[in-house]
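These notes open a run of structures that come right after.
Heads up, the next two complexes both have chain A, just with different partners, chain B and then chain C.
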Partner chain A sequence: MCTITPISLTVGANRILPTVAIPHPLGNPNITKEKEYELRYSLVERAINALQTEIKEQTIFEQ
Partner chain B sequence: MKLEIGKIVIRDIQFSDITKIDQGILHINKEEMIAELSTDMRIKSIDLDIAKPGEDVRIIPVKDVIEPRVKVAGSGGIFPGMISPVDTVGSGRTHALKGMAVVTTGRIVGFQEGIIDMSGEGARYTPFSKLINLVITCEPIDKIDAHEHEEAVRMIGLKAATWLGMLGKDLEPDELLTYETKPLLEQVAQYPELPKVVYVYMLQSQGLLHDTYVYGVDVKKIIPSIIYPTEVFDGAILSGNCVSACDKNPTYVHQNHPIIEDLYALHGKEYNFLGVVITNENVYLADKKRSSDMTAKLVEFMGADAVIISEEGFGNPDADLVMNCNKISAKGIMTVLMTDEYAGQDGASQSLADSTPAGDAVVTGGNANQLIVLKPMKKVIGHPEAAHKIAGGHQGSLREDGSIEAEIQLITGSTSEVGFHNLSAKGY
Partner chain C sequence: MIKIVHYINQFYGGIGGEEFAGYKPEVREGFVGPGLGLNSLIKDQAEIVATVICGDTFFNENMDQAKSEIITMIKKYNPDIFVAGPAFNAGRYGVACGAICQAVKNELKIPVLTAMYPENPGVEMFVKDAYILETTNSAAGMRKALPALGKFLKKLINNETIGRPEEEGYIPRGIRVNYFAEKRGSSRAVDLLVKKLHNEEFTTEFPMPLFDNVEPHNPVENITQAKIAIVTSGGIVPKGNPDHIESSSASKYGKYDITGVDDLTAETYETAHGGYDPTYANQDSDRVIPVDVLRNMVKEGKIGSLHNYFYSTTGNGTAVADAKKWGAEIAKELVADGVNAVILTST
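The block that comes next holds the complex of A and B.
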């Protein structure tokens, strides 16, 4: 889980999930606490799904 | 756009009854100047000090370094959009007080300001130890947010430099230099046989307290655009950031931009210097993509054969540097990158956060993790205990005898990514 996915590609990560922004990868100060919780929950859920997905090459899991 | 820079050499600064420049000596009425600067309710007290090259003096923590300048002819005023009204600068004539600077100190973020030593080993690492520095110490009111504090100290420094610059308006300069860049099509036509060079000027914009301003606009809100090189000499770009001291560009460096000055030096002889593309280093991936797309497009649009790209700061801006390099190279344009390194204290680690096989050459400003011991000083202006927290220092950096053991990262301007510094490499 990372914001600057080109760096993830450079360093050789195989499953890459784009996040929000560098200072707040799993949060967003511009939305309410409740919305932020939903956002974080969904990101973690997608990360777990990505771990269970078969891949053959470096893959970015876009929305 | 044609700009004359008249250099007025300042040989000494003294506190005295009347504020004036006489025979190269800057006299300052301290009370008058403090009163002039004391207009911000967020600042409790202001004090002035003079620090001269070779003195047993340490300035810590340094926020910004600024050169006093004044517009003598041509549109606009110094620091347009910030101190002077918004108006295009970069033409006519500007006078600069050389050999001195205004230095602001303040414990704003605490870990992202720097040190200037006026003597000893530390002085060798900062270009600002060679200047006679008028140091402004600002103490804020008790309850102040860091970003408000930054703004207050930034404005006081800019105001002070502008106020002192005015003293040089009617003086005869010791030296007069002329810089000229024509509108693009005329500039291309002037030296049709020479390779065309553009400078890509990356500006720090990683967020609150990591900001740079262009004509008063926060750079994270711009999309890349083209400026005439002379605009920077009039303060169109200025520093509002509190990032690691070694490789940010203090306002003084923007005003005396070494890449732009050097590109002018051989302009019309070895190459045709077309102009400058300014771009940012934002913290959202979409911004990085958009800005690097736009930068590559503008460089192509201008017809460049080669570009110099300089980074400001480190870490995620390394990704912007690499994206700019990849996208500009892909258009068949030669690229030279300027950066510095965080290669660990032994220099063995990967230097940048990102890398690429593209690009034609890289120039490094040095390894910011290199260790140094700074001697104790008789006089310290500011807050010496900041050394424990400044990036490059660690808890225990400030020793009991007043010496400091830390990485050169905490020295202002030590690994400049535009080459405004003292480090060099030797082959053996």
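The block that comes next holds the complex of A and C.
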């Protein structure tokens, strides 16, 4: 899970999930705590789905 | 006359093949095997005064003992220069050549030289310790390797300045040398770009490290039973950074117990990372490693469990070789702990 996905591709990560921003990949300080938790939950949920997805090559899991 | 001691394995020493790889170190006066050709290339200024022969398996299985015995043998001849190989793509021989070069350089403080194929494991392990000339991958390349060694030896004999790797034929050691360039960086960069656009040959001033890709792993089959672990290069550490992980160019990683931790707070966790604004991670480290969400997902039965340790380092300026080594160590522990999948977060 990272924000700068081209770096993840360069270093060879296989399942890549784009995140929010470099200093807070899994959060957003500009929204309420509750909304932020929901955002993080949905990102992690997508990561969990990515882990269960069969891939043949490096894959970026876009929205 | 400059004195040189040469190191070769049991095969080139004429002892025998694989069945003699357990051969213990032995020293002989003068040159042996490939030393004959090498000596003839430098004989007007230098002489191979002794040759150490050791079996590849013996060296690799008893490295400390072999090194200390061989150093004692070499010392007696008080050489000015030490040469090992060439080892081509023989793995154990390459490791032996690299290891003995490193030991001689550190203990006898004399120039050391060896030669092998770039993919020989001895290169990665010892490229910083010795000049390693590039050879082909098999002994068929001896005809080219010896003159290259002879030419380089002459430079060492005459105390000449050793130039850049591509000029001198040695494998880059990752050492940067300061020099005064005629043009400033911006115009050199434009020159490179123009050459590239014209499809002309150009040499980068900053080669990027090579990363090796791996086959994608199979998907997790039963996620509701799976044990998930967190690893991060975002530098999240317990408050106070107990292991003193450096804010950049980290020399280590940390392993932290989160048994009973359901939420990371400003009072308990922070980031050690110096490459991004730490404000948001310090307020709430769940923004970098989602411990709160994963704990709840366990309660909800969405995943089996969260591994009770997370691994963390700061990923800015970190040497690729170190990162690779740590990655292998961490993966080994995670597998041993029964972890089925990892979420790696990066800032």
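General observations
One rule holds in what follows: the second predicted complex is superposed on the first by the 63 of 63 C-alpha atoms of A that agree within 3 Å, B and C clash if a C-alpha of one lies under 4 Å from a C-alpha of the other, contacts with A are read in each partner's own complex, and residues count from 1 in each chain.
Throughout what follows, a contact is a pair of C-beta atoms (placed from the backbone, for glycine too) under 8 Å apart; a residue touches a chain by one contact, two chains touch by 3 or more.
For clarity, every value in this text was computed on a predicted model and none was experimentally measured.
After superposition onto chain A, partners chain B and chain C are found to clash with each other.
With both structures placed on the common chain, the touch criterion links A:Pro6 to chain B but leaves chain C unconnected. For chain A, the partner touching the most residues, choosing from chain B and chain C, is C. Once the two complexes are laid over each other on the shared chain, residue contacts for A:Thr53 go to chain C alone; chain B is not touched. In the superposition on chain A, contact of A:Asn14 is made with chain C only, not with chain B. Using the contact criterion defined above for the overlaid structures, shared-chain residue A:Ile22 touches chain B and also reaches chain C. Clashing C-alpha atoms between chain B and chain C turn up only in stretch 333-341, chosen from 333-341, 369-377, 387-395 or 405-413, once the structures are aligned on chain A. Shared contact residues of chain A, touching chain B in one structure and chain C in the other: 3-4, 7, 10, 22-23.
Touching chain A in their complex are the following residues of chain C: 211-214, 216-221, 223, 226, 228, 234, 276-281, 283-284, 286-290, 292-294, 296-297, 302-303, 341, 343-347. Here chain A touches chain C in the complex through residues 1-4, 7-8, 10-15, 19, 22-27, 29, 36-37, 40-41, 43-45, 47-48, 51-59, going by the rule given at the top.
Only residues 206-207, 283-285, 288, 316, 318-319, 322-323, 353-356 of chain B touch chain A when the two sit together in their complex.
On chain A, the positions that touch chain B within their shared complex are 3-7, 10, 18, 20-23.
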